[in-house]
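Letters A, B, C and D mark the chains as written, and numbering starts fresh at 1 in each.
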């Protein structure tokens, strides 16, 4: 039964368990409203009529941060998996320099 | 320079345009101007850098005269120059002075909406206060409009549906939002975190107080004007009472004047502590909200002990004051003032040195002195930008001559400066309260007040915690006022929020909104964008800079 | 059968929910006492969760219904699984294998990913902005946070939590790697969106961020998942940086001490704008951790 | 799969549900045209001296998270639709508390042209708190009485 504790399997078991919990909640809760009531399910826009179409906020800052995340993560994964030989050490130093450039840039 | 000389200057400047002048009161000068000469007259005054446009009042002169009078009030120190422009009742037109005085846009919108006088050259003409569905052609402040029918038709009309906003990402901060204690609807076009466009729609708290004032007698109006705004209720009541007393030529006894000033200072302390908490909460500093509101309870207890109510304490009546300050009250107030002084100095220290707080308040929404003056800002927002304009100092009313006040000014002009100015004002109020308690004159509390007020008109200016409050009251000899015009400080400060919001981060907008200590219910006036037909930008940063520079260069 | 017991009752499931609610109550009570308010009663957090579970759930018309329902379940499941590999209550973790430290860290960030997805799922402008801010903040603190937690792993030359704890019985790593500890603690605050890093759910700007459209069960499950993450994160930091956890008393002592530190920071700091938090993480977080690593590598090079 | 609540086991469940709803009433605040005297008293109830968190009342931002709508003001014409929309967007079971004499009867603005009058003309109201403005203690007393009335029918049904 040890296999139940493996991460992916444990995750699926929990998915099922939480799903059951949510089902019990739905049964106990007030019955969901009938869809006839449009205002109830209209998007909340702090009192006014909500927008009905998907619009994306600007992305610029988002990508720069994602790039930073990728570079640091790569360095971390590399250091984690392959121990600390000379080659990885040099590579790490290079990575850190790239990061500093990114921060200053 | 004495008031007469200041008014003399106006007379010489406008000699060419004035069809007739009158001096109803020592500090007031009326000049009859034709609609065609209006722009030239105001440009002359603006060129000589004479004063600022305080208010624009519309008065319906009735069916027989078949005329509406638009009064442009300009103030410099304690002198008030009023340009009177008469236009026919139906189809009258007045040129817009918006290019010279940016805050006139709000006054002109109100004139159009309430009186039907068309203002030529105004950028946006849809409703300002009135609800969306208000029938066109019905002007509530004209004497003969059937307001009940208009309201019924508005109730019947179904709300206009939302027009498509183009592909701009608009964040609505609407009538129900944690950042707003009161309803107003803001729309910020946002690119990522940067705000690129800002529009506002108020009118959610418009209750038609000015029309209601005309149907009640003077004493009933006292309780109505007191509830224009809950936080500065004493200021509104006092401005109204000062005006009516000027009309009736009755002076309240000195002890009553001193008690009125005492309650006004206590209200300023409670309003500033309230604002300190709310503005800090908008920036995310919830602990300061809890601490400042806990300390505010000290002042609320004193107010309640003296006047019986924590808010809307209706201390002043026509001709005097309702409550006396006994020795017990004085002792309680002195004890309260010690704690308030100690706490206010602590908050002044926190607001000027706390690093995490300053990261959210320093350098946000910076306004230069010329820009603040050009925009016509009022109150602590203006004084934080280095302009020392305070009605209690420029035009002392009531007992402010005996117990003078010094205006607290800071020149940084950003959000942190506004916190600093308000805390300095709190400390100043503590000093004045102690002076009043020491020198409280003896004498009775009220004086006999006539029921019917002789015909006439007057202007009463009062320094509310948010800025200068402007009341125009016209009486017609009966016991009901002919016209009561209320112009509140927040209306002039709104344009500041929108111009500063454009170009700032979205996260800085709520603190900016709270920075001017807006009181929606005070006035419920602001520019309106007809957002159903796509939004039209009223005022951009470039227009403002160009405008500010043209004014100052000359 | 022990595995089933572990899954349902001891480190996972029921026990973790109770512990999460208790820690949330401690946090809210501490915050209230710092603001000299009385604060919630002891059973407040239980009442909140039960009420949310039995409340009506409104699915916004503009959101994808299945995704709307599944995301909270995924979020809570992620948090629950992460607890299996962490030495809760001082006992040996339910199951430990080589590299379970990295699996736990990724499971912990699963919750923030699902909140970001939930925000993108409906057209309400608040949830969209909340989601973008949540993901931006995730990317900015995730890497330094992980580097900080891997510092002790390098000293112990292994990626298994139990081995790391065993190897670091000497002086607390708190003293030898101060930068690492500070970045890990502040990183945990960033992960849980506790003020001053609560820009993604800033009440006065974007109402409730990505969770604005959630009511009833969805909100309850997200809320519970976040509290569990608090417990798991605290245990992890206490195990790695404070010389391991031998018995339940030590567990409660160390994690509650960390919780007091978090609550104090929560009470005395103003909310930072999202660009300020990202700047903070870049300039100070990442650089501090990298220096820490260089020191470690150099020290490892000399000694080993 | 609806759980029929009349059996003994169902009765216990019903009691737990009511207990949870009474002990964690999350609230949102809407000002439909008030002079903000009542609103500052409502915010005062959150602050240290009165502190409603003792009763589990938390001020939430979005109507989706809220059970109790604390509403002030005589409902101006412009606020009417917004108030109805906010009320609709709240999940069941929901309650409305009308705070202040403007909310209960239009108060001093009775008869003004752009004012509807009292809140129960727009949405059903469960508790009225008179006062201009009511003291924070009065507001807390009103909400606590509303919560007590929730428990009463559960007992009455026995």
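In this section, a contact is a pair of C-beta atoms (placed from the backbone, for glycine too) under 8 Å apart; a residue touches a chain by one contact, two chains touch by 3 or more.
What you are looking at is a predicted structure, and each value in this text was computed from that prediction instead of being measured.
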Farthest-lying chain, centroid of Cα atoms versus that of chain C: B
Between chain D and chain A, distance of the C-alpha-averaged centres to the nearest whole Å: 36
Whole-Å gap between the CA centroids of chain B and chain D: 32
Length of the line joining the C-alpha centres of chain B and chain C, rounded to whole Å: 48
Junction residues of chain A - those touching two or more other chains: 28, 30-31, 33, 40, 42, 44-49, 51, 53, 55-57, 61-62
Multi-chain contact sites of chain D, meaning residues that touch two or more partners: 17, 30, 47-48, 61-64, 82, 86, 89, 91-93
Interface hub residues of chain C, defined as touching at least two other chains: 35-37, 54-58, 125-126, 128-129, 132, 203, 207, 212-213, 216, 275
Pairwise touch network: line, ring, star, complete, or other: complete
Residue ranges of chain B touching chain C (in the complex, touch as defined): 169-172, 177-179, 190, 192-193, 280-287, 290-291, 294, 354, 356-357, 359-360, 505-510
Footprint of chain D on chain A - complex, ascending: 27-28, 30-31, 33, 37, 39-40, 42, 44, 47-49
Touch list for chain C against partner chain A, complex: 1-4, 6-8, 12-13, 53-62, 69, 72-74, 76-78, 80-81, 84-85, 94-95, 100, 102-103, 107, 122-126, 128-129, 132, 135-136, 139-140, 142-144, 146-147, 150, 153-154, 159, 207, 212-213, 216-217, 220-221, 275, 278, 282-283, 286-287, 290, 293-294, 297, 300-301
Complex interface listing, chain A residues touching chain C: 1-7, 10-11, 13-15, 17-19, 21-22, 24-26, 28-33, 35, 38, 40-46, 50-57, 61-62, 65-66, 68-69, 72-73, 76, 79-80, 84, 89, 92, 96, 99-100, 103
Parts of chain C lying in touch with chain B, wherever the complex brings them together: 34-37, 125-126, 128-129, 132, 195-196, 198-199, 202-207, 267-276
